[in-house]
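Consider the two complexes below, in which subunit A is the common component and subunit B and subunit C are the respective partners.
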Partner chain A sequence: MKRIPTSLVLKATNEPVAASLVEGVTGEMLEQAELAWAALRIEGAKRLQAAGREAPQHWRWDWRRKSAKINFMAYRCFGIECADEMQGLMLVNLTNYVSRMDGQRGKPLVYVDYIETAPWNVKDLMPEPPRYGGVGVRLIEAAIRCSVDEGFGGRLGLHALPQAESFYEKTCEMTRGEIDRQYENLFWFELTTANAKKFLGDKP
Partner chain B sequence: MAVKRTMTLNLSDEEMAVLEDLAARKELSKTVVIRQALRLYQLVDAKLLAGEKLIFEDEAKQKKAELMVL
Partner chain C sequence: MKMNDDRNWLLAKANEEDNCIFSVGGLAYRSAAEADANQGEIPEAARRVAFARLVELSRRKQRLTVEQLAEKADVDVSQLIEIEEGESVSPEPRTVYKLAQVLNFPQDRMMVMSGLARTRDRHLTEATVRFAARSEPVSILSPEEEEALQEYVKVLVESAIGG
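On to the complex of A and B.
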């Protein structure tokens, strides 16, 4: 497990704040994060539903159920820590998926299996305003750097939950692929090598 | 990234040709191809040990084949 200095944005002041990117998140860390997040995620989802609003589509996730995967070399788990708390988690797969896009079809990529920001950073999920911004961007940045380190040219792929499509398309400049009938009818999104370079070039 | 250890790998001409072909087609180094193969083998082996099967499907030809792995 390794911690690399990074930064988030403290929403209250809109100022950068020191954080750590954790490479090689352990099962114990997943357990702790899930214990801290689970109740807030469920309460927030119920609150939104009661108000006639859409709950986050990932509200039934449980990171403890994903911990078996981190024992395999095919998976990597990343986290963002700030103020002694896990602010976001991401599990990527290095072997099971290849590019589906013309121009890079069949080439290996880093597949983002799961990515989640802590409930207190999700807009409207909690009664209070979100605490930190930039968690998703930092995690996607880590996935791109992992792809570069692995020799995959920064290529990423993922199946996007509908609520997250805009983030992947607009913020990450991923390309929308076809709907995947064999994967919960979610759209496939992919980041090209060119857009990966652009993404990293835009980041400090 | 984890600390790397070096080893020498002796391959036949045929094995090297396959490795070089895969590396060229996937635009990967030969080291990365071997690393990917090892990751996949570990994953497949664990699934098979757990009683699962590895199946290839050709939807167009409506064909399924189980792959036996050593």
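On to the complex of A and C.
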């Protein structure tokens, strides 16, 4: 397990605050995050339901599956910690997926299998305003840098849930592929090497 | 791996991310069928923590030590320690049955809490998750706990010095 210095945005001030990217999240850390988030998800879902609104689609995830996967070599689990709490989690697969896009078809990529932010960072879920911003951006940045480190040129692939499509299309500038019948008719999204470089915004 | 430390880059990207849901579906949908089948069940982590705290707090409420409870319930003391530590993945049914008797809990509920039986009772599931989430020990130690801790630390230190 390794902690890499980074930052998130404290929403109360709209200023960056120190955070840590955790590479190699342990089963115990995953369990602690699940315990901290589970009760708030239930409360949040009830609140949204009472307001006649839809709960985020990712809540049907079975955390035990995540927990089992972190023990496989093919997977790497990342987290973002800030103020001694886990603010977001991501699981990526490094071996089982290749590009489906013309121009880079068949080339290896990092597949984003799971991403979630802490319930207190989701707008309207808690009675209080969200605490931290940029959790998704930082996790996707980590996935791209992981892809670069693995020699995959920053290429990413994922199946976005319908509620998340605009984030991957607009913020991450991923290319929308075809509907994947193997994945409950979710759209395949892919990040090219050129757009990965653009996203990272590294200065020469 | 070195992350981008440009303040303006982060603020601009975070601003774009604002109000977006960014969930992805690989894991979600492969496990959807299983999740449906398990809907209403108690999450494993919460169940284990809740069961451990339930036994520990109930024992303390009856002012029993672990040894005394083990003796009263006629169960193995090491198994009771494993249960209270949340390390017992599947305690023996007899142990759970006997603990339920001594601690005055309905046996079928204790079987669910111990992981030996399943439930789809949403009320119980939600209560278990809430109990587990509140079970992290944050309260100040009682004088007895403080004394026990000091005694144990003393033995640890002495045994380390003694080699």
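In this text, the second predicted complex is superposed on the first by the 199 of 204 C-alpha atoms of A that agree within 3 Å, B and C clash if a C-alpha of one lies under 4 Å from a C-alpha of the other, contacts with A are read in each partner's own complex, and residues count from 1 in each chain.
The rule is simple: contacts are C-beta pairs under 8 Å (C-beta built on N, C-alpha and C of every residue); 3 or more make two chains touch, one makes a residue touch a chain.
Quick caveat: nothing in here was measured; it's all calculated off a predicted structure.
In the superposed model, A:Leu21 lies in contact with subunit C only, and not with subunit B. Contacts of A:Met73 after superposition on the shared chain: subunit B is touched, whereas subunit C is not. In the superposition on chain A, A:Leu94 contacts subunit B only, with no contact to subunit C.
When the two structures are aligned on the shared chain, A:Glu34 is found in touch with subunit C, with no touch to subunit B. Shared-chain residue A:Arg138: touches subunit C; no touch with subunit B.
In the superposed pair of complexes, A:Gly151 makes contact with subunit B only, with no contact to subunit C. A simple residue count on subunit A separates subunit B from subunit C, and the partner touching more is C. Of the residues of subunit A, those at positions 149 touch subunit B in one of the two structures and subunit C in the other. Taken together, the subunit A residues at the contact with subunit C in this complex read 4-9, 14, 16, 21, 23, 31, 34-36, 38-39, 42, 56-58, 60-66, 69, 91, 93, 111-117, 122-123, 133-138, 140-142, 145-146, 149, 158-161, 163-164, 166-168, 170-171, 183-184, 186, 200-203.
Per the touch definition, subunit A reaches subunit B in the complex via residues 72-74, 94-96, 106-108, 149-153.
Note for the complex: subunit C touches subunit A at residues 1-7, 9-11, 13-32, 34-36, 38, 43-46, 49, 126, 129-130, 132-133, 136. Residues 1, 25-29, 32, 36, 38-40, 42-43, 46 of subunit B touch subunit A in their complex.
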